[in-house]
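Next, two complexes with chain A in common: one pairs it with chain B, the other with chain C.
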Partner chain A sequence: MRLAVVGAGAVGRSVLELADEYGHDVVAVADSTTAAVDPDGVAAGEVLARKRETDTVGDDEPAAALSAEYDALVEATPTTLGDAEPGFSHVRRALERDRHVVLANKGPVAERYGDVRELEADSAGSVLFEAAVGGAIPVLSTVADLNGQVTAARGVLNGTANFILSRMAAEGLGYEHVLAEAQDLGVAETDPTFDVEGTDAALKCVILANVLYGGGYTLADAAVDGIADLPGSALELAAEDGRTIRLVGEVSDGEVRVGPRLVPENGTLAVSGTLNIVQLETDHAGRLNISGRGAGGPETASAVLADVGRLPPR
Partner chain B sequence: MSETGSYTVRLELVDEPGELLRALRPIADNGGNLLSIFHERGNVTPRGHIPVEVDLEATPAQFDVIVDALRDAGVNVIQAGAERYSEELTVVLVGHLVETDLSDTLQRFQDCGGASVADVSLSAPAGTDEPSSARLRLVASEGRSADALATVREVAAEKELRVVEPLTEGSA
Partner chain C sequence: MRLAVVGAGAVGRSVLELADEYGHDVVAVADSTTAAVDPDGVAAGEVLARKRETDTVGDDEPAAALSAEYDALVEATPTTLGDAEPGFSHVRRALERDRHVVLANKGPVAERYGDVRELEADSAGSVLFEAAVGGAIPVLSTVADLNGQVTAARGVLNGTANFILSRMAAEGLGYEHVLAEAQDLGVAETDPTFDVEGTDAALKCVILANVLYGGGYTLADAAVDGIADLPGSALELAAEDGRTIRLVGEVSDGEVRVGPRLVPENGTLAVSGTLNIVQLETDHAGRLNISGRGAGGPETASAVLADVGRLPPR
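For the complex of A and B:
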């Protein structure tokens, strides 16, 4: 397929780098200020080098990528809340042109799921967004394969928060100390708010709720509590009792909740480091556990490219 | 009408003279037949109470009256025969626990009915600026743990405490 990649962060760059391996051509790529368009396929190596050196991807305006002749738009711009712009407009534009859309950006399907589905209904294009929930972990495709059998989902969906909690528990270190360490390692962003306040995990749960319950959820419908400033003593007390604390998102009985939860220390949900895990409750198959890397450029790009492979041909 | 059955009542007593006698009186006064008393003197709960296990015979009707009478007498009944306080619930509270009156917090959890605070571990690092943490084990009668948790949330919200809840059922 011919792909247009919008957004040149870690995910967008990895899609550009790996597309060829999956048999696809990237015919357009854009970051927030520039674009490169080539109907025969852009030279990934050159674009990546240029991005590294000058923080631009080409000489064209970003709009040129959106109007290029592609089959599927890969939307990998940063997640935004509320109106989910500019991601939402990118999705709209592609669907109105009867093109497919593959999202890594959580905003449009967390905050405007109904609008996205409505646009999709009027379009010959389809929308997939595996990469938006759990990075490399095939959560949504598993849910789809189970054909309506999934009744509830829960899991650890933020690697940064999980890294902080597992380091605090393992080393007996304080929150601030571990956060600083995570920032040094590049596990946490300079502004870690989205991760430690639970917003990122909540968006993923909201998307799951939209998929499981047929839409109608936004971030405002989620009860969200984060792990910021959790004292080490809380983890110590949990450990004395054979438990630990994880930031767990739950989607069940029509409700979405994210917060620190007590889980058995050696239980399934107590994954360590930056790993993520999702548990699906099903009608006939019992509980399924899927764990893996929930973030990272190549990891998330693999989910994007798996979605591209699932798209109907145009 | 009803047959006499045997019941086990688990009580927690304050370590003071006369407490055991006070706890046993409502049993005898209401027609219960004491079978055995296991007074775990060496085994003090984290709150400094002494657990006592009492086996008795009574009709179901008498037994209900006995449990009520024990509670009226201020005796802490943890487990009462068939009405097993079977659902356990562990939560961790974080915040200014001491400043917001921990004993009042615990009392209110207890007062919500159907639940009892079985033990408490407090970790308060030096200095009152730092938030402290407490791990509580609540035992709730069957089907009441959701109510107990709701009370915990409500009291915690009022006192600006954070609650680290256990995962909902079947999640181990």
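For the complex of A and C:
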């Protein structure tokens, strides 16, 4: 397929780098200020070098990528809340042109799921967003394959928070200390709010709730607690009882909840470091556990490209 | 879709029971001596009651199910080695009639993968076999989604052997004692050879190898050790070192190997009881772990019905 990649962060750049290996051509790529468009396929290596050196991807305006002749738009701009812009408008533009959309951006399907599905219903294009929930973990495709049999989902869906909790428990260090370490390692961002306050995990759970319950959820419907106020002593107390603490998101009985939870120290949910895990409860197949890398450029790009492979031909 | 279910063991019966919930009609069902055929859909409740009471499913000959007007054949007869009959002939018959085939039976895709693919290439029908590897765990669909990026697979793929090893380690009991207990519980069969000698796990690994490497493998290509000769003292020694023993199957570097392996006691591979787990190594998405129920009627039937949902329309 011919792809237009909007967003040139870690995920967008990795899609550009890997598309060829999956048998697809990137015919347009945009960052927030520039674009490169080439109907025969942009030269990935050159664009990536230019982005590194000059922080631009080409000589065109970003809008040129949105109007290029592509089959599927890869929306990989940063997640925004509320109106989910500019991601939402990119999705609308593509669907109105009867093109497919693959999202790594969580905003449109967390905050405006109904609007996205309405646009999709009027379009010849389809919308997929595996990369928005759990990075490389095939959560949504598994839910789709199970064909309405998934009744609830639970999981550790934020690698930064999990890294911090794992380190606090393993080393007996305080939150601030471990956060600084995570920032040094590049595991936590300079502004870690989204991760440590549970917003990122909550958005993923809201998307899962929209898929499981047919829409109707936004971040405002989630009960969210983060880990920023968690004292190291809570982890010590948990350890004395053979348990540890994880930032767990849950979608069940129509509710979305995210918060620190006690889990068995060697239990399935106690994944360590930046790993993510999702547990799916099913009607007839029992519980499925899927763990893997929940973030990272190539990992998330592989979920994007798996979605591209699932799209119907145009 | 209209399904013909051949084989009325635990899996076949569960497919019959659950098909309606997944939006499909069973128009024919056969056990080894009888069949029930009804173009408007067989009455699942009646057939299941009759099977329980008289060990027959209807008044027709089994051949009537194979020649019925179905869209997809569900092949759920017992796995056989070598020529994989009668399963293989059922698959051939369906493909020659341009019908789809969904296998729970491992034989045809482990022992005669090339033949099955050749028949499929000449047919308008497709062949899927998710249920043959890891029961409810979506291994093959994940491999397919990852589009050639899976480089190796490893896992615990036999619940009976895993139950025995888990119990031996937890209770310090010997193999014979735990095997008898597993037989009492219905976890092990009266003749447990296939499970404890590693044959069942090896067949699943052979199927994985055929999928990953494009065919060419049969059971004869697998290096297989079982757990029947494993002394309890080996588990004790492992425990002293923070490890335990699992019957692990591996597909990597063109080789298929199954045997007892030392694994960390609280590590990902040390699933307990009858659980199965599969680890997939990928080029760009890191390692994925998927665990869940690897056997059982409804669990395996849910994998069969997920495959039916993936088939192209006829």
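Everything below uses one rule, namely that the second predicted complex is superposed on the first by the 314 of 314 C-alpha atoms of A that agree within 3 Å, B and C clash if a C-alpha of one lies under 4 Å from a C-alpha of the other, contacts with A are read in each partner's own complex, and residues count from 1 in each chain.
Just so we're on the same page, a residue touches a chain if its C-beta (ideal position, glycine included) is under 8 Å from a C-beta of that chain, and two chains touch if they have at least 3 such contacts.
Being a predicted model, the structure only gives us computed values, none of them experimental.
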Contacts of A:D241 with chain B and chain C, given as first, second, both or neither: first
Partner chain in contact with A:S291 - chain B first, chain C second, else both or neither: second
Which superposed partner A:R52 touches (first chain B, second chain C, both, neither): neither
Touching partner for A:T282 - first (chain B), second (chain C), both, neither: second
Contacts of A:S252 with chain B and chain C, given as first, second, both or neither: first
Which superposed partner A:D225 touches (first chain B, second chain C, both, neither): first
Chain B versus chain C as contact partner of A:P260, first or second or both or neither: first
If touched residues of chain A are counted for chain B and for chain C, the larger one: C
Chain A positions touched by chain B in one structure and by chain C in the second: none
Residues of chain C defined as touching chain A within the complex: 14, 18, 21-22, 136-138, 141-142, 145-147, 149, 266, 268, 282-293, 296, 298-299, 301-303, 305-306, 309-310
Contact footprint of chain B on chain A as seen in their complex: 154, 225, 229-231, 233-234, 236-238, 240-241, 243, 245, 248, 250, 252, 259-264, 267, 269, 279
Of all residues in chain B, those that touch chain A in their complex: 90-92, 94, 121, 123-125, 130-135, 137, 162, 164-168, 171-172
